[in-house]
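You will see two complexes here that share subunit A, one where it goes with subunit B and one where it goes with subunit C.
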Partner chain A sequence: MNNLALKELLYKMADDQLILGHRNSEWTGFGPLLEEDIAFSSMAQDKVGQSLALYTLLQTLGESDPDTIAFTRNASRFHNCILVELPNQEYDFSLIRHFLFDTAEALRFEALTNSAYEPLAQLARKIRGELRYHTLHANTWMKQLGSATEESITRLQKSLEAAFPYALGIFETSPYEAELIDQKIFAGEAALKEKWLARIESVIHQTQLQLPDWKTLTPVYGGREGKHSEHLQPLLDEMSEVFRIDPTAEW
Partner chain B sequence: MYGGGNTFEGIKTDSLSQEDPVKLAAFEARIARGEKIEPTDWMPQLYRKQLIRMIEQHAHSEIIGALPEGTWITRAPGFKRKMALMAKVQDEVGHAQLLYSAAETLGKSREQMIDDLINGKSKYSNVFNYPTFTWADCCFISWLVDAGAIVNQLANAKGSYGPYCRALERICAEESFHLKYGHHCVIYLASGTAKQRQMFQEALNRWWPPMMHFFGPSDKISAHTEVLMRWKVKMGTNDEMRNQFLDMYVPKIWELGFTIPDPNLKKNTETGKWEYTEPDWEEFKRVINGNGPCNKERLEVRRVAEARGRWVREALKSPKAAYVTPLA
Partner chain C sequence: MNSLDPRVSRLPQIQEPVSLKAPLDQFGTFEVFVQPKEGKPFQHEGIVHAPDIELAWVLAKETFTRRFTCTSLYVADTRDVYVSPLTEGESNAYDPIPETRESGIKKTYEIYHLAKRGRQHVHAGTVQAATPQHAMTEAKLQFNTGKTVYNVWAIANDAIRFTTPEEKELWLTLSEKKFRDASDYKGGDKLKEFLERKLIS
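Showing the complex of A and B:
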């Protein structure tokens, strides 16, 4: 088995979960209603927990411990897609991102339950169960707000259009794509994207929103190879503020 | 988490003469027998009013209390602390949700309560008007402010209003985890590097006065609340609650080798009561009246969150549903 390919896959997934979990947690105390504060916090806890599990797998493959990996790397060494690092903005953007990303995640971990790398397949079975609630939450709100008032529909449509090029960046391929597919570790980004589009479309069709014409959009790539927006490094600086007071200390 | 001390001002019992004396006597007899009052039961207007006020303030304290700690979620050092702090602050928001529901059973909607919070008509626990400068401040809150809240809430859980008592039982169970988490964080600071110990000592110095204020003004100067004690709305005096807290936690703080910034603090072995420098009650009044270090910031955050979320709440409204006051 090619460890480099496997590590690259684990890193990008772990980084996605950590960064979006961090963003979700920023809603604590600021949600549009208490129930949404609580929901975003639950999803944040799941995602940070999932990243920890993935970093722990990486540790078994010879990488450093999860705290060191998560709290001491610079932005250029993170492999998350740019979508997850963007600021939360208004609730409509956070909801759209949650919908687009978690739909992809649910399909990704569904596929990974059949991975030839058994530790990952086992973990995917656990994560798949958690993500079921994330997509249930996203779909419920999309259907509600995507068909409610003029303002809610307009806001969601605008955010959908703003987020879509970044969402296509989730599927930026890795240099090891062919090996991962060949070794049956992961079915590959192209296959995932196809399923994702169908799933997204079926929810959008139940609302008054319009799916952007994705074929004409230029996907925002770069995140998977460490080229990020200006938003990631400040997020990481904040995340590691206390940890770096003394990285050898136990907190 | 919540400090009950700021809840009660002098109350006028004149309205009691307008209540039906037979019903009032039966109501008081039920409470004396230890029965719980439920939303659809008869109750004096004064009881209803004071309970709404108390539960509402408690709920506000939970959502405002999520802010000083919430700001450290994104900075918590390491996975273990980050995940625990997220869960803890989420619990606090959940407590607000439970408590607003309990207060709604008395006839005031959540929207009205939040409006009154934002327009300054209703209060929340004073302790959250102070800033959390460092991670150690956040640890102080998780351990000791939550400990103080548990002292109050365990007492209030034995009160007379059923929905509030049931909410408090659930809340206390969760708070006891917060206390363990906070204590664990402080033990790590205490047994860590010199810098970590210094961080917590400084936090203790900053937070001790607000912590002493937390239980409300001394019994010598606080308003008389006999009727509320008789009705089991208020379950202990401010000084009793403060003494209980000191009894439980001063030895634990000393055990970790920290210095509490009050040279007069000691337990009188004859009376069994703690003696301490009288907290500055003028400062307490200044802060409670809106002039503390963070009052404006805390309410502004709440106001902005409410304003930014309005379109979401509007989009959820069903034209057919309306709030129904469940008055007896």
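Showing the complex of A and C:
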């Protein structure tokens, strides 16, 4: 098994979960209603938990311990897509990002339940309930707000259009696509993107929202190879602020 | 008033000298019932605010089953819950309910008992009845053991958003989320250790 290919896959997945988990946790205490605040915060915790599970797999492949990996790398060494590092803006944007990203993530893990790398397959099977909840939560809000009032529909549509080129960046291919597919570790980004578009479209069609004409859009790539927006480093500085005061402290 | 602070924009508008009291700008409520363990009866846990029953179910999942064990949950619109009078002391809520039977097309009602004041309503069983009132009568005939019940609820089964068998996997990893419990951080022990170290030095 090609460890470089596997590590690249694990790093980008773990970094996506950690960064979006942190971003979504910024809503804690500010959510639009108490129940939603709790639900969104819980899912943010799930994401950080999933990143820990993936960093732990990386540790078994010879990488540093999860805390060191999560808290001591600079932005250029993170492999998350740019979508997850963008600032929260208003809640409609966070909901759209949640919908677009979590749909992709759920499909990715679904494909990985049959991965030839058994520890990852096991993890994918274990967290399927969490992912089912995340996509159910996202889809239910989409269907509700996507057909509710003129304001809710206009806001979601605007955010959908703004987020879409970044969402396409989730599927930036790795240099190891062919190896991952050959070795049956992962079905590859192209296959994932196709499934994702179909799933996104089926939800959007149940609302008054319009799917952006994605073929005319230029995907925002770069994140997977460490080329990030100006928003990631400040996020990392804040996230690791306490850790850096005393890296050996026991929590 | 325009402000970036959402609390400011939520402030009430300055009103005309006399006007009707505005309705509350908030979602309706839904009653949440949780099954803590396989085989245990569902119990009432509280309410959530939501625009519809589907979102109520989604939000109830994290609001009420974030920490403690759960195998299933369901929700019903508060307006679909029929309640008997609330009693005290030795007085049984079933006593004033008439025992006259009604005819008509029957459907299934879920029945809940409040066995102790200040506790939760717990599922007692199901009855077939033509109306909510009739459901109370059927409940009295079937579930009144003479032991004091302080309040009885009846909810039509078809008004409830249940958990589907596939959705039961939502709680698969719940037992591992110890980090959500403050006691898991053993803050007291760590503080004690710290103070002891301080005393020694």
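Here is the rule we go by: the second predicted complex is superposed on the first by the 249 of 251 C-alpha atoms of A that agree within 3 Å, B and C clash if a C-alpha of one lies under 4 Å from a C-alpha of the other, contacts with A are read in each partner's own complex, and residues count from 1 in each chain.
What we mean here is this: contacts are C-beta pairs under 8 Å (C-beta built on N, C-alpha and C of every residue); 3 or more make two chains touch, one makes a residue touch a chain.
Quick caveat: nothing in here was measured; it's all calculated off a predicted structure.
For the combined arrangement obtained by superposing on subunit A, do subunit B and subunit C clash, or do they fit?
Subunit B and subunit C clash in the superposed model.
Once chain A of both complexes is superposed, is A:L33 in touch with subunit B (first), subunit C (second), both, or neither?
Touch status of A:L33: both partners.
Tell me the contact category for A:L136 with respect to subunit B and subunit C: first, second, both or neither.
In the superposition, A:L136 contacts subunit C only.
Mind working out whether A:Q17 is in touch with subunit B, subunit C, both or neither, as first, second, both or neither?
Neither partner.
Is subunit A touched at more residues by subunit B or by subunit C?
Subunit A has more residues touched by B than by the other partner.
Should A:N80 be classified as contacting the first partner (subunit B), the second (subunit C), both, or neither?
Touch status of A:N80: no partner.
Have a look at where A:A70 lands relative to subunit B and subunit C in the superposition and call it first, second, both or neither.
first
Name the contact category of A:L52: first (subunit B only), second (subunit C only), both, or neither.
Only subunit B; A:L52 stays clear of subunit C.
Determine, under the contact definition given at the top, whether A:F243 touches first (subunit B), second (subunit C), both, or neither.
first
Is A:I127 touching the first partner subunit B, the second partner subunit C, both, or neither of them?
A:I127: touches subunit C, not subunit B.
Residues on subunit A in contact with subunit B in one complex and with subunit C in the other?
33-36, 38, 42, 45, 49, 144, 148, 251
Within the complex, which stretch of subunit A touches subunit C?
33-36, 38-39, 42-43, 45, 49, 126-130, 132-133, 136-137, 140-141, 144, 148, 251
What residues of subunit A sit close enough to touch subunit B in their complex?
22, 25-26, 28-38, 41-42, 44-45, 48-49, 52, 66-67, 70-71, 90-91, 144-145, 148-149, 151-152, 155, 235, 238-239, 241-243, 245-246, 249-251
Any idea which subunit B residues touch subunit A in the complex?
For this pair, the touching residues of subunit B are 63, 66-67, 70, 72-79, 81-83, 86-87, 89-90, 93-94, 96-97, 100, 135, 185, 188-189, 192-193, 195-196, 301, 305, 308-316.
Residue numbers of subunit C touching subunit A in their complex, please.
Those residues of subunit C that touch subunit A are 27, 48-52, 54-55, 58-63, 66, 166-167, 169-173, 177, 179-180, 185.
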